[in-house]
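Sharing a structure below in structure tokens format, with a few things to ask.
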Amino acid sequence: MSDRLNVLKTYKLYVGGKFPRSESGRVYEVTDAKGKWLANAPLASRKDARDAVVAARKAFGGWSGATAYNRGQILYRVAEMLEGRRDQYVREVAEAEGLSKAKAGEQVDAAIDRWVWYAGWTDKIAQVVGGGNPVAGPFFNLSSPEPTGVVAVLAPRKSSFLGLVSVIAPVIATGNTAVVVASETSPLPALSLGEVLATSDLPGGVVNILSGRTAEIAAPLAAHQDVNAIDLAGADEALAKELEIAAADNLKRVLRPQPVDNWAATSGTDRMTAFLETKTVWHPTGSLGASGSAY
Amino acid sequence: MRTGLYSRYARRYARLVTMPTTAPNALSDVTASDSTLRRFLHGLPGVDAVGLEARAASLGTRSIKTTAKAYAIDLAISMVDLTTLEGADTPGKVRALGAKAVRPDPTDRTTPATAAVCVYPDMVATAKEAVAGSAVKVASVATAFPAGRAPIAVKLADVREAVAAGADEIDMVIDRGAFLAGNYMKVYDEITAVKEACGTSARLKVIFETGELSTYDNIRRASWLGMLAGADFIKTSTGKVAVNATPANTLLMLEAVRDFRAQTGVQVGVKPAGGIRTSKDAVKFLVLVNETAGEDWLDNHWFRFGASSLLNDLLMQRQKLATGRYSGPDYVTVD
Amino acid sequence: MAPVFEYAPAPESRSIVDIAPSYGLFIDGEFAEAADGKAFKTVSPSTEEVLSEVAEATEADVDRAVKAARAAFEKWSALPGSERAKYLFRIARIIQERSRELAVLETLDNGKPIRETRDADLPLVAAHFFYYAGWADKLDHAGYGADPRPLGVAGQVIPWNFPLLMLAWKIAPALATGNTVVLKPAETTPLSALFFADICRQAGLPKGVVNILTGDGRAGAALIAHPDVNKVAFTGSTAVGKEIARTVAGTRKKVTLELGGKGANIVFDDAPIDQAVEGIVNGIFFNQGQVCCAGSRLLVQESVQDELLDSLKRRLSTLRLGDPLDKNTDIGAINSAEQLARITKLADLGEAEGAERWSPACELPENGYWFAPTLFTNVTQAHTVARDEIFGPVLSVLTFRTPDEAVAKANNTPYGLSAGIWTEKGSRILAVANKLRAGVIWSNTFNKFDPTSPFGGYKESGFGREGGRHGLEAYLDV
């Protein structure tokens, strides 16, 4: 070890493609699993949450309108960028979750692979959950999945990185934009993820990451009239119920917390379909000619 | 007089809306050149086939009962252009047809006469004699009916002969080939020439042969083209092709005459022909007229059925309404 | 001038339906009085005649019905899918056999024209059961994994606008997937659900698989809140939908909500105008506009506004309002005095806010609940009639200049259920359909339904889909 003094990182929020401090000017101490100080994290406020929603809404049109192929390439690019910074995340995850280097490495590898999994889904999900409907009449009828809009995501409390990636990637793969509340106790891998997203061609605002007191940030998000859905993965039972009640005000789609023991397990499509709408478009057929099919 | 018979629930709404009427020459620029005519016809609103057919089918579910049915059957009889257009037509056949047109049901003198008899030009004189003294008109197909594939001079001669023989009405066919080739001005010019040949004595019915025009968009364009050229009636078909009058194509033509009058003030009649064989069908067509063009067209001056076997079915239905028992083919005349 | 072609009355015969003077609750295969013996009357909205008296379910009745459904669940869900399928096919066939009777009944209890119950409601009801019957033994292939499991007891609350059709939308997929059902029909239209109970008996459906509770909102609330209900399905107002979402918060109950709408029907200058007029009429006057997916906002391109409105007004003048049992009636009665009051209030508000009101000359019957077809022009997005769901025969007309503006205005609502697009330009249809935030988009048509076609809304129009393969998900533990 040299006696050179480390340059410490100032962890910041990631909102609208930028790295602002909390508008509140407040931070809170983040410690490792043993209680050792790691860094100060921004203590995001209601206003930060509001700004993040604005950014996410602004990004929604472009991101949902991008081709699925394009979204797939960008998600894959995130995996590429993470792979290059693997060591950093292994260290951060090890510190955050009190894991050995090897165990943390497994988590990070699985998280990178998860981006690859969802990168491949972007241009397939519509074929799996959408399709033509054989209606009894002279009509062409097609159902397609569409992103529901701005999704508030409460990242899992314990799995600070693999869990985080497992809830963000499916939301944005289908064209939603996200306001993510990082694990309250282990927010640093999440805040660092912003740095990778910012350099992966992901348009600013598609993912916005906030750190702070989950209950404090989540309440305005659950009640926000311009948020379309909420993933309660990181809420405990009492908070989840309270947020679900608040979410009813504009009938947000609510993904309730589910017992997930092992985020490394293969994902299905559930976390994507939870935030998809089905749009069905009808059009008459039968214009071949007045002397044709109809009589 | 009838109002009292009907439930106040089923009363139709009064007609509040009057369409704006512009001067008759409002469309005169349209026919100034081939390109203006084409632009105009292609600028007409499109027709969604499924929607049009659905509307026609929906009007077909109207339930016309008792007094309304009696009214409709008499009206339909009065609108029949009783037709014979066979290579085997003889003077005897035409005379019989004329007699039937004048007195459709010899057993019931209250039965209205039909609107007209419709024959080939060489039979006009015979037909004229057969209906002499009645209000029944003589209509003659002309212009090398049904194909229309003859030089214009021949077509016009055909028309003049028929008119000279006393035809009150001329049923011409348009040049579908020219229409489908996009040569609208040629079609227009032919119609105006035929109209001129009709003189002031004969009303002109323009047959589109809708089955050959094939698309509803074409039928709408042909309707406007015919009306712009001076048709007194627009008529679906010759009865000589696979698809003739249908509720949908007739509905479309009724929309055209309705809109044409709204724009120009000129009223044009409609004649579905071919394929209408039963009273039930005829009543459905009258419902189309009533609810699309409106009651102004519910008169044989403005609406006709080109048909032959339809008349007997109407007569049998009429007898059923009068006697309460079903009639049979032996109780109507076969001519 | 020719004499007017007046259509003589053509009433559908009422004698085909035999309505009992009173009905009980249908629990565990038997009709029974409410626990406290209370009952309420159901009237014909077109005449205010009392049709029958039905039991008013209490919380205790809800509990009894849920217990019956729970008890039936084990056997029903364990039946081979092919056997469940056959029960549903039987039901579909019996509905077809009895469709005339059911159509007349529905028209009497709801007030909608026989033309609609005969040509729309009943055929769709039978088709829905027939469609989902076929799924019962094919769930492995539905895309929800191998051997997807049912949820358990489904508590279902349905509205009065399509009583039997909404019942079909709820019960058919629930039974096909192996759930058992407690269904509460709307307070003002309980009869067809009770007749359906009889159809279940005719079909030999095991006791307790379908339970029907008549009653008011309290019974519905009790059903939804019942701790042993695993699945909640509701069709109705957005306000009640939100209340339900709060009620089930923090539970494991799966929820689907089909709520209100303020559908935009967008007419471009190149629309097939005659069909567009029919689509507009069908969009807002079908079922007296008491349709969640009604095209209640007409967005017309300013350049064709006059032409379109002239045609529309002329067409409205031919609508026939009156006796719903008359086969020639286009516009029937409003379902209840309460609903009529709401429509009246909102229409008056439209006038007070400065929108221009127009109705065809129209004589309303003396008895019953009636509202003339109504058009509001000079409406802007700021008017209440352009924002609130009226759920009646009231059309608000707004204009737009460009496709962008049409989309922006169409989406400018908390609702997102339906929309219509009228243009002959294919690429515009696809572009606009792509941008509209609504679950069902009808291009060059409107108000078309089919059992294979998923239906449901974005935003405050609810969540989940009914119909098609998508409709299975709501009743499976996936």
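Points worth noting:
First chain written, first letter: the chains are A, B and C, and each begins at residue 1.
Everything below uses one rule, namely that a contact is a pair of C-beta atoms (placed from the backbone, for glycine too) under 8 Å apart; a residue touches a chain by one contact, two chains touch by 3 or more.
Owing to the predicted nature of the structure, the values given are computational and were not obtained by experimental measurement.
Of the two chain pairs shown, A-C and A-B, the one joined by more C-beta contacts is A-C. A comparison of C-alpha centroids places C closest to the centre of the full protein.
Centroids built from CA atoms put subunit C at 43 Å from subunit B.
Averaged C-alpha coordinates give centres for subunit A and subunit C that are 36 Å from one another.
Averaging Cα coordinates per chain places subunit A and subunit B 67 Å apart. Looking at subunit C, one finds that residues 444-445 touch two or more other chains.
Contact of a single residue of subunit A with at least two other chains is seen at positions 139, 284. Under the contact definition stated at the top, the residues of subunit B that touch 2 or more other chains are 48, 50-51. The residues of subunit B lying in touch with subunit C in their complex are 1-3, 5-17, 19-20, 45-48, 50-52, 54-55, 61-69, 71-72, 75, 252, 255, 286, 290-291, 295-296, 298-299.
Of all the residues in subunit A, the ones that touch subunit B in their complex are 138-139, 284-287, 289-292, 294-295. Taken in their complex, subunit C has these residues touching subunit B: 1-10, 115, 119, 270-275, 278-279, 310, 313-314, 316-323, 326-329, 360-363, 365, 424, 444-445.
Contacts from subunit A toward subunit C in the complex involve residues 128-129, 131, 133-137, 139, 141, 143, 148, 228, 237, 240-241, 244-245, 247-251, 253-254, 256, 270, 277-284.
Residue ranges on subunit B touching subunit A, taken from their complex, read 48-51, 53, 210-216, 218-219, 242-243, 246, 248-249.
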